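Chain nomenclature is as follows: A, B, C and D, assigned in order of appearance, with residue numbering initiated at 1 for each chain independently.
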Amino acid sequence: MKKKSSIFTSQKFIVLLVVIVLFTFFSIVSPNFRQYSTMMSILNYSYYIVLMSIGVTFPLITGGVDLSIGTGLICYSLAGGYLITQKGWPVAAGLLVTVLLGVAIGVFNGVLVAFMDLPPFLTTLCTCMITRGLGSVFSKGLGISWPAANEAGGWFRSIFRITTANNTMIPIGFVLMVIIVALMAFVLNHTRIGRYTIAIGSNKEATRLSGVNVKFYHTMAYVISGFFAGLAAVAYSAVFATVQPGTGAGFELEAIGGAIIGGVSAAGGVGSVEGSFIGVFVICLLKTGLPFIGLQANWQQIITGLVLIGAVMVDIIKKKRVEVH
Amino acid sequence: MGDVILTMKDIDKSFPGVHALDHVNFEVKRGEVHALMGENGAGKSTLMKVLTGIYTKDSGTITYEGKETEFHNTREAQDAGVVIVHQELNMLGHLTVAQNIFIGREFKTGIRIDDKKMNDEAKKLFDRLHIDIDPTETMSNLTVGKQQMCEIAKAISHEAKVIIFDEPSAALTEAEIEELFKIIRDLRKQNLGIVYISHRMDEIKVITDRVTVMRDGTYVGTLITNECTKDDIINMMVGRVIYEDPKTESAVPENAPVVLKVEHLHAGKMVQDVSFELRKGEILGFSGLMGAGRTETARAIFGADPKESGDIYINGQKVTINNPQDAVKCGIGYLSEDRKRYGIVVQKTVAENSTMACLENYMSGLFINKKAEKKVAEEYVESLATKTPSVEQLVVNLSGGNQQKVVIAKWLINDCDILIFDEPTRGIDVGAKNEIYKLMSRLADEGKSIIMISSEMTEILRMSDRIVVMCEGRKTGEVKIEEATQEVIMNLATRDIN
Amino acid sequence: MKKKVLTSLLCVAMAATMVVGCGSKEADTPTDTPAEGEGEETPEEPAEGEEPAEGEDEEPAEGETAGGDYHFEIIVKSYQSSYWQAAVKGVEQAADELGVTVECTGPNNESDIADQVQMLNSAINKDGVNGIGLAACDQSACLDALQTAMDKGIPVVCFDSGIPDAPEGSVLSTVATDNYGAGATAAENLYAGLKDKIAAATAPVRIGEVNQEATSESIINRGLGFIDKFAELAKADGKTVAVIGNEKYVNDTKAETVAEAEADIIIEVRVPAQTTVELCSTEASTIMGQADTIGMFGSNQVAAEGILTANEMLNVLGSDPETSILAAGFDAGKVIKGAITGGTMYGAVTQSPLAMGITTVQTLYAIANGEAVEDVPTEGYWYNAENMEDDSIAPNLYD
Amino acid sequence: MEKIKQHPIVKKLGFNRIVLCAVLILMYILFSLTSKGFAGLPRILSALNYAYFLGFLSLGVTFVIATGGIDFSIGPVMFCAALVSGFCLTSHGMPVVLCLVISILVGFLFGCFNGYLVAYWTVPPFIVSMASMNIAKGLASVFTKTQSVSWPQAAEAAGWFRKIVKVGNFPVGLVIFIVAAVICSLLLNNTRAGRYILSLGSNKEAVRLSGVNVRKWEMLAYVICGTLVGIAAIFYVAAYTTVQPGYGDQYNNEAIAGCVMGGTSMAGGLASIGGTVIGVFIISLLQEGILAIGINKNYQLVITGLIVIVAVYADVVARRRKN
C-alpha cells in the first residue's frame, strides 16, 4: 500500500534523471553547450515557462486546464510596457499592473469555471482568444520594448540576473525560482488552498458536501494560474524586453507539457509543483540543447512532441502494469 | 430512547414540474434508529437534503434541539451536529484518510495545515469506533467497506447529534454490515439520533426502532418496528402486497443441455480458478459477499476485462472471448450492476439504446434504417412493458426499472441466449423489482439461460435454479435450490474469511 | 565639399533611375559605394536632396486643391516592430500634409497571410476608396485580390515589399528598399570591421546570420545579399567560405562555397520556427555560444533584437573585433539604437520606413490626380555610433 | 416561449439553430447598416472564402468533440498538409491532382496518428493534440526547409483547382461546403459510425459492453477529422495561395469556437452539424464585418471569445434547468 507513494517519488526522480541525462548528453556532444554562459542562457530562457508551469499546475490538479496563460502573458506584458514606455508610468507601477492583470484574467477564468460551471478547456480557450486580442488593443497593435538594462527604468531587469563587474552572471532568477517552487509546494501540500485544489480534482462534489467553499477554492486555482502568468510576463519582459502582439500562443503548451511530464495527471487530483518544475527543464533543455547538436529549429518541435507523448505513454504503461498485478 | 431532538413538520418542496415533497412530517429522538423508507423517488433523499441545507424548503418548519432552525448549507448543518453519511461514497481518493475526515476544517498552525494533529485525532476516532485503519493511508487504497467506516468516523468527528445514513449498506459485504450495525448500536447508546435510509427490509427489522414510510413525496406513516411486519411496511410503501416466496425446486430438467461451460478461469486476484456450467433455461444464481469476485468473473467471461487463462465452451464448442465483441457474437449479453455507467447511453433514445448491440442488422446500405429500428424497439417496449411515452424518449428521462428494461431489450433484440444479470434490481424500487423477476422467469421459460449475480439473499433464493457461491475470488460451492438455505449459502460465502 | 559633390551626383543618379523606370534592380549601384560616403546620403534629406524629393512633394501640394478629399487604405504587414510604426507615422504625416484621409490596418503578425488577404479584400470592397497602399506579407497570396482591385479601378501602390507577379496594371508603383543591396551593405561594413581578424586567423572563423524566416522575399534577399557579398569579399582576400544551416539559404546563395571542414570562414544561417524574439534569440545564442564566432548579422529588427537579447546572457558582443563578436543589425528601434550607441552592436542598416510611408501616400495621391507614376526605390543606409546623429541618418532612425 | 419551443417545425429544426440563424441575419443587417457598401456580393464572397476552410476544420473537429475528445492540432495539421503537398507541387513538379490527394492524405495520416494514440493507447486527447501540433509544425518546416509555399495562381494552368472556391462570381465553394456538411450530417446521424461516435461520447463503457468495437469507432472520428482537415487545407490554399510553416494555431480556436457555438457539447455525445455550419458563418461574418466597420481584427478575437462563453453558458444553464 505504501508502494504508491514510492512510485510518485520515483516519477519525479525519473524526470530528474532524464534532465541529467539530457544535460550530460548535450554537454558531451557539444563543447559549446558546457559553457557557463550557455547554462545561464538556458536558465534565463526557462524562467517564464517555469513560472507559468508552477501556476498552471493548480488548474491542472483540479482536473481543469488554463490555456490562456500564453497569450495572457504577452497581453499583460504589453499592457504594462505600454504604460511605462508610452504613458510614462513608473516601472514599479507598470510591473504591478502586469501582475494584477494576470490576476484579473485569473479571476475571470475562475468565476466562469467555478461559479458558472463552464468547461475549463473552452473557457480558457476563449480567454486565450480574448487576451490575444486585448493585448493588441491595449498597445494599439504596437510592439513594445521595455526599458533596457542600462536605462533609468531598467532596474527590474536585474530581478532575474545580476552581472558582476568582471562579467560573470549570477543567476539569482534560479534562486528565486527555487524559493518560489518551495513556497508553492508548501501552499499545495500544507495549506487549505492546496489541499482543496487536490480535493476538487479528486472529487469535486464530495468536497462540496464536506462543507468546503468549493467555488471559492476552485476560482483560486485559476487566480493562482493567472497570478503566475502575470509573474511570467514580468520575467519575459525582463529577459526579452521586446514584446510583440499576436504572439504567445504556444507558451502555455510548453508550460502544460512540462507540468505533465513532471507527473501532473491530466485527469486531475495528482501532481506536484516540484515535479512541474523539473518537467519544464526537459522541455527547456530540448529547446536549447538541440540546436547545439546541429538540429534546425523545426526538429525541436517534432522531438518535443514525441517526448511529450512518450512521457505520457510511459505513465500509461506503468499504470496498466500496476492494474494487472 | 430519549426526547425528540429533531422535528420536521409540513415540509414542502417543489421543483419545476415536480412536487417533490408534499407536507412531509418526520421526527427523530435521541438514542433511536429511525428508518426512512420508500420507493425510489418517494422523496427520502430530498427530505434529507432539505434538512441539511442542500435544498431550501418552500414551506414548513424544522425544529432542532428545541429551536426552529434552517440550515443554509451542509457546513452549517455539520456545525450544528446534523451530518449525512452519503449513499455514494464521497471520498477524495488522492488524499489520506485523515485528510478526508477533516476536509473543510483542517487543524492549522498559522497557515500551515497540521497533518500530524489530524492523524492523531483520526486515530482517536477510529479507536472510539474500534476500527483499525491507518489515518495516513491514501483513501483509494482502502476497500469500499473501510471507506464507509471513514465516512462514519468523519460524521462522528463533527460532534454529531443526528447522523443520517443514506443507504449505507448498498456497497458493503455482510461482514461489514455487521460491523456497521455494531457501530450504529454503539452510537445509539451514546444517545445520538440516527436516521437510517435503506431498501433492505431485513436490515430495517434488525437495526431500527421506528420506521417512517414515504410515498410519492408524501408522508404515509410512522410505525414502531417491533410491532409491525415486513408486509405492513411494504404495503405502506407500494399499496400492495408483494409475493416473496423462495423457489422450492428447480424448473430445469436434469438433462437440459449445457449452453455455457467455464473451466479454470483466472483473471487477476478476484477470479481464481472458477469453473461452472450453465444449462438451457436455467437461472444460475451467483451468491457471495461484496468483493467475492462475482462481477469480475462475469466481466472476464464477457471479455470486458482481460483474463489470464481458462476455457469457455458454448454449446460444447470452445470459443475465444477477448473482448465484448466476441462475447456478443457468441450470444452472451451482460447487464451491468452499474446501469448508468455501463448499461445505457443516457443521452440517446430508447430506440437507439435498444439496437446498440446489433445495429448492423438495422442498416439499409450505408444508412441506418430508422423505421425498422423504431419498429423493433416498439415491439420490445411492448413485450417488456417498458413505461415510456415513445421510443424516441431519451433514456435519461426513464426511471431505473425502465432503464433496466431497455438494457434487457438491447440483449433480447440481439437474440442473446445467455444473459448475465449483475445485480439486476439494485436501486430499483420494490414494484419494479417484481416485474424484473417475472421477466427473468419468463425468459428462462422461453429457453434463455441466465446467470444472476445478486447480493440479496432473498433474491437468490427466490429466483435461482441452482446457486454458485463465491468467496475471495474462488468458487466455494454449488448448491441446488432444493438444498439451499440462507445458512448454507452464508457458510460457503464466508468460508475463507474465518 | 567632396561629399557634397558626391551627394548631388548620387541624387541625380537616383532621379535618373526613377525616371528610367521600374527596374528597381538598378538601384544596386549606390550600395556599392564605400560605407562612409553612403551613410551620408538620402533623397529625403531636405537641404540637399532637393531635386527629386521636393519635386515629388510639390506636385501633390498643388493637387490638394484640385483633387479634393481622397481616402486611401494602407495595409501594413503588422504592427509588431517599430519599423511599421514608423511607416504608419509617415503615412499619417503625409496624409495630414495632403489633406487626405487614410486608414491603416495590418494583421497581428507578419505571418497572418490569410488575415491580410481578408483585410485587402475588405479595403477593396469598401466604398469611396481612392487607392490602396499595401505592404504584402506574401507575394502570391494577394494576386486575386489585386485583380479585383484592378477590375474595380482601385489603384494599388506596394511599399516595403514588391509583388513581382502582380497582374499587369494593378500595382502602379512600388516603393521598396533594395533588400539584396541592403544585405550586401551590411556585409561590406561588417567585413571591413573584421578584415584584420579574418586575415590573421589561423583556425576557421564563424559568422552567424539570424533570419526571422525563410519565406518573405525581402528577408531572403537581405540574407542572401549578406552572404554573397561577404563571401565575395572574403574570396578577394583569398579565403574560402562555407555556408551551413538553413537549406534555403545554403542552396540559394550565389557565392562559391566549399565544404565546412575546408573553409576558412563558416557562415552559419539560422531560422527560428516562428518569428518571435525569444525564438530568434535562442537561435542567436546557439551561434554566439560557439568559440569561433567572430561576427553576427540579424536581417531584420526582430532578428537583430534577438541577437541583442542573446547577448544579455552571453555578453560576447562589442566593438573591438579582437575581444568580442561584432554584430550587424537591420532596421532601427530603441533597442538597436541603444545597443549601437552603447557599443554592443557594431552597426546596422536602416531603411527609411518614414520616407517610405510618406512616399506611398504621395504616390497614391499623384495617381488619384491622374498622374503617371514610377517605381520608387529607397535605400538601405549603414549607420553606427559615429554617424547616428547625422542629419542624413537621424530622421530614418525611428524608435 | 415554451410554446414556440414545442412547435413541431421549431423542434425539427432545433430551437438553438433558429436562434443562431437569427443572430447571423441580425449581424448581417447590423453590419450593412453601419458600414456603407457592406451589403452586396463581394463582401459575402470574401467572408465565404474564410468560411470554407474554417468550415471544414469545424466539421472535422465536430466529430472529435462528439466523442468527448478534443483536437487542437487541426490548424497546424492543415498548414502541414498544405505545405507538404504544395512543396510536392512547386518543388517536385508533381501533378496538381496528386498533390491535392497528398494534402488529404497528410490530414488523414495525422488523423490516424491522433486517433490511434487516443483510442488504442488511451493517451488523453489533450496531450495528443499538443504533441501532434508540434509534430505537424516541425514536420512541415523540415519538409519545406522552413520556406513558405505558394500554390499556382488562378490564371496559371495548374491553377484550375481554385475553381473549387469560385467560378466567376459563383461561389462553388459554398455548394461544395454545403454538400460536405450534408454528408457529414448524414454520417453523424444516419450511419453506424455516427451513431457509435455520438454514443461513445456519451458513455463509452456502456457502448463497449454492448459489444461494439469502441476503439475502432473512436479512432474513426479522428480519422474523419483529419481527412476533413486535409480538405480544409485545399480550400485554404485555393483562397489564400500561400502557407507558411510554423503557424496555424490561430485557426484551432476559431474552428472549435464555431463548433461549440453551434451547440456541440464539449462533454461529448451531443453534436450538430447544422449548428457548426451556422457557427462558422457567424465567425467569418464577424471577421468580415469588423474589418468593414474599420475596427481592428483584435476585437474580433475578443468578441468571438465572449460570444462562445455566452453560448456555452446558455447551454449550461439550459442543461441545469433540465436536471
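Annotations
One rule holds for everything that comes next: a contact is a pair of C-beta atoms (placed from the backbone, for glycine too) under 8 Å apart; a residue touches a chain by one contact, two chains touch by 3 or more.
Everything numeric in this text was worked out from a predicted model, so none of it was measured.
Chains that count as touching both subunit A and subunit D, per the definition above, are B, C. Of all the chains, the one whose CA centre sits at the greatest distance from that of subunit B is C.
Distance between subunit A and subunit C, defined via averaged C-alpha coordinates, is recorded as 36 Å. Here the CA centre of subunit B is 76 Å from the CA centre of subunit C.
For the pair subunit A and subunit B, the distance between C-alpha centroids works out to 45 Å. For subunit A, the set of residues touching two or more other chains reads 132, 136, 141, 245, 250, 296-298, 300-301. Shared interface positions of subunit C, i.e. residues touching 2 or more other chains, are given as 107-108, 112, 246, 271, 273-274.
Subunit D has residues 137-138, 141, 146, 245-246, 250, 296-298 in contact with two or more other chains. Listed by chain label, the pairs that touch are A-B, A-C, A-D, B-D, C-D.
Subunit A contributes residues 1, 4-5, 186, 190-192, 195-196, 198-199, 201-203, 205-212, 269-270, 324 to its touches with subunit B in the complex. Residues 54, 73-75, 78, 84, 86, 90-95, 99, 103-106, 108, 111-113, 115, 137-138, 141, 268, 306 of subunit B are the ones touching subunit A in the complex. By the touch criterion stated above, subunit C contacts subunit A in their complex at residues 78-82, 85, 106-109, 112, 245-246, 270-274, 276-279, 281-283, 285-286, 289-291, 302, 305, 309-310, 312-316, 333-335, 338, 342. Per the touch definition, subunit D reaches subunit A in the complex via residues 70, 117, 121-124, 126-128, 130-135, 137-142, 146, 245-246, 249-250, 253-254, 256-257, 260, 266-267, 296-302, 304-306, 308-309, 312-313, 316, 320. By the touch criterion given at the top, residues 31-33, 35, 37-38, 40-41, 44-45, 132, 136, 140-143, 145, 148-151, 161, 163, 167, 169, 236, 239-247, 250, 287-288, 291-292, 296-298, 300-301 of subunit A touch subunit C in their complex.
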